[in-house]
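Pasting the structures in now, so scroll down.
In what follows, chain A forms one complex with chain B and a second complex with chain C.
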Partner chain A sequence: YEDEDNRKKRLLLPRVSYLTLVTDKVKKHFLKVMKQEDMEEMWFEYEGTPLKWHYPIGVLFDLHASNTVLPWSITVHFKNFPDRDLLRCPSHSVIEAHFMSSIKEADALKHKSQVVNDMQKKDHKQLWMGLQNDKFDQFWAMNRKLMEYPTEEGGFRYIPFRIYQTMSDRPFIQKLFRPVSPEGNTHTLGSLLKEMYPAAIPNEVCPDDFQKRYQVVIHGIEPLLETPLQWLSEHLSHPDNFLHICIVPTPTD
Partner chain B sequence: MSDSAESPTETQKEEPQPPSDDSAANEEKKKIDVLLKAVGDTPIMKTKKWAVDRGRTVQSLAQFILRFLKIDANEQLFIYVNQSFAPSPDQEVGVLFDCFGSDGKLILHYCKSQAWG
Partner chain C sequence: MSSCVLDKETFRHCCQLLLQLSEQLGDCWCWVPVQDSQDGYLRKTALRLVTIDSRPFGDQAESSSELGPHNSCLSGPDVQQNDQDQSALIGSANGDIIRGDIEDQDNKDNRDGDDGEDRICRMCEGSSQVLQYEYHILFSCSYRAPVLYFRVCTLEGRSLSLEEVWGSIHPNFRLCLQTSPFTMVTQQEHPLLGQAFFMLHPCRTEDFMRPLLQAAQDQNSPTGSCLITWAKLCLTRESCTYFQLCPREKSDMV
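On to the complex of A and B.
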């Protein structure tokens, strides 16, 4: 519904989509109170941080505002586009290209690109249309192929993941990591973090002393650290086929 | 995205590297080797092998290639990994090297037009 205050617009945004894909209504709304010629490329900011449209919306929320009261108040800008912080998004085809590249990158890790390369162009299009039009079945008819693996392997070749943390100087951590160890042990969320971000998991040296400084968040929830990584990759990946993991400070109230 | 003023260094120059300070030792090298390959009728770089800072972005590298080839900076350049996907312009080459490097280097294909979609 629209607020009477025309400087605000309320929306429900899908976690799995992208800001510039689902906010055409926002631009239309603000055309009521602004002149078209005064509006340059629209961009979004939260508490001084420009929001990267090419990150899934849910990731942006978990990273920047997970422990705040809803609704998430985002400021919309139509001027002074911050080229140093944000990529340009002149059309939906840019979002489609980015989305498809992410899927291809994920499949390069999972299957040496064999599955995505065996798909036809229309299959790729179906993945995008499923996301764009919020058609779960249409999307999964194709995506399920990207979630298969040879039974003898026990899982994907490598797990596509990205670990985000606001306090870091790097955008995210992404490295090669197998779902099963050479000895045949199933890797878990905990074993991934132990390798990539040990500060986020209980200290083995003094487990009783452990004060949970960080929350490990995927799609707004904290999965158990014992959860198998292969399972997380198959079931909690975003439509781009990446497991996006946010490490945020535990609220101290 | 702002363009870093620093250019990648050529690996072909034989410069003795000073021994690294143990206290500042990093598991990962600060620079990674990149091999640049032209696609189609895009001009070939005379120097193909470069040592690039890990934190350098794909976009910054693309701008460097355009400058080196004396192509208009406003022209688009497509960069591909594994001849299969185009990484995000803000992606760091160090991450691409970690995930898709082989034989100690990251091979990137570049093209003035879209090659692999």
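On to the complex of A and C.
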């Protein structure tokens, strides 16, 4: 149904997809109230922050608006594209290129690129089409290969992850981290954070502080810090095969 | 092949060597540390007077290009590996390959008395302007290789599109880049700054470093000297020397 207010458009967006992939309707909607010649590349902003379309939608929400009430009010722009901050997205093939680039990088970390390089071009295409057309089975028919590992190894070579937080200039933290320690201990979400972002773990920094300062959010939920990292990588990665972890300040009521 | 794979410490060490070379060559690379860590990257900025070929993407190519103006990715068709391709690729990794900066040694014989700028302007359609180039060399821990990021802006701060950057590359190099199977340039988020840059794909780095490494190994040189060679490639302003650089010419190595 149509909103009476033509300056707004409501959509239900998948967490695992990308803004520019699922907002063609938005462009069409605003074409009703704007002239095509006035419209340059569309971009999105929330509370003054340009939203990076190449981040999964769920990551953007968790990072910028996790403790707000839905619907998430995003402002759409058709002018003054912030070309220093945002990547251009002139077509869906650019999104596909980014998506495949993430998958390849993830496999470089997990399998030294062996699995993704063994796939044919049509297999790569299947991963993308599965995401684009929201076809779970089609996607996983290929993706399951990227989630396998030699039994004797106990897990992937390195875990593909990115830790996001809005509190620093650095856009994300991404480093090499193994799922199993040299001694054979299973690494958990907690052990990853201890290494990469110790401030996020309450007991390390302030043992007497009963109130958690930060929430560690994946797909909108806070997994237990004891969760094995290998399991998280296999089951809570995004379609791009990365574990996207958001660290947000705990809201003070 | 495996000796082309770096670790962070070796990269850092080689960057220090690069900086020494930079100083010797009178170039202006510097090391930018990252807050709260030992990480960092090499950076160079330069202002250049450049003529941008403003013709549409497809017309700029002398050979056929499979890309239209709306693709943000440049890559050439697959061709057989040969020395010419690799030296062209090596050239492409260096940001000095733009019209305003080229010594044009190979055109000296053809000079018809006009000065360099006139000759350049005749080569294409487009306007001359001063542009700011910024190059960063970072270490990718995913691919264990150095990665080149770059961006180009007008003095007013407008970022150039990929097509415009492409149009600022000397036609000779552009032709070689297009026929090289290795040149993959896409727009990416800078992993430390979070801003929009162009990136030369690291998965190809090993491919084009292979002949260099081979030559370095032939001289019983360790990985370090392979990287010194990389450094020399990045640092020298003699783009035409790059272009002619052949892996078999050991005198040019290390």
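Methods note: the second predicted complex is superposed on the first by the 247 of 253 C-alpha atoms of A that agree within 3 Å, B and C clash if a C-alpha of one lies under 4 Å from a C-alpha of the other, contacts with A are read in each partner's own complex, and residues count from 1 in each chain.
Assume contacts are C-beta pairs under 8 Å (C-beta built on N, C-alpha and C of every residue); 3 or more make two chains touch, one makes a residue touch a chain.
The shown structure was predicted, so the numbers you read here are calculated from the model rather than taken from an experiment.
For the composite obtained by overlaying on chain A, chain B and chain C cannot both be accommodated without a clash. Legend: residue contacts after superposition of the two complexes on their common chain; A:M100 is shown touching chain B, with no touch to chain C. In the superposition on chain A, A:H92 makes contact with neither chain B nor chain C. After overlaying the two complexes on the shared chain, residue contacts for A:R170 are found with chain B and with chain C alike.
Using the contact criterion defined above for the overlaid structures, shared-chain residue A:R157 touches neither chain B nor chain C, since it reaches no partner. Within the superposed three-chain model, A:R15 lies out of touch with both chain B and chain C [touch as defined at top].
Of the two partner chains placed by the overlay, chain B and chain C both lie in contact with A:D83. Residue contacts after overlaying the shared chain place A:L109 against chain B and chain C alike. Once both structures are placed on chain A, chain A residues 54, 83-84, 87, 97, 101, 104-105, 108-109, 113, 170-171, 174-176 are touched by chain B and, in the other complex, by chain C. By the touch criterion stated above, chain C contacts chain A in their complex at residues 34-35, 70-73, 141-143, 157-159, 161, 186-196, 203. The part of chain A that touches chain C in the complex is made up of residues 52, 54, 83-88, 90-91, 93-94, 97, 101, 104-105, 108-109, 113, 160, 168-172, 174-176.
Against chain A, in their complex, chain B makes its touches with residues 1-2, 55, 81-82, 84-90, 92, 95, 98-100, 117.
Listing the residues of chain A that touch chain B in their complex gives 54, 83-84, 87, 97-98, 100-102, 104-105, 108-109, 113, 116-117, 121, 124, 158, 170-171, 174-176.
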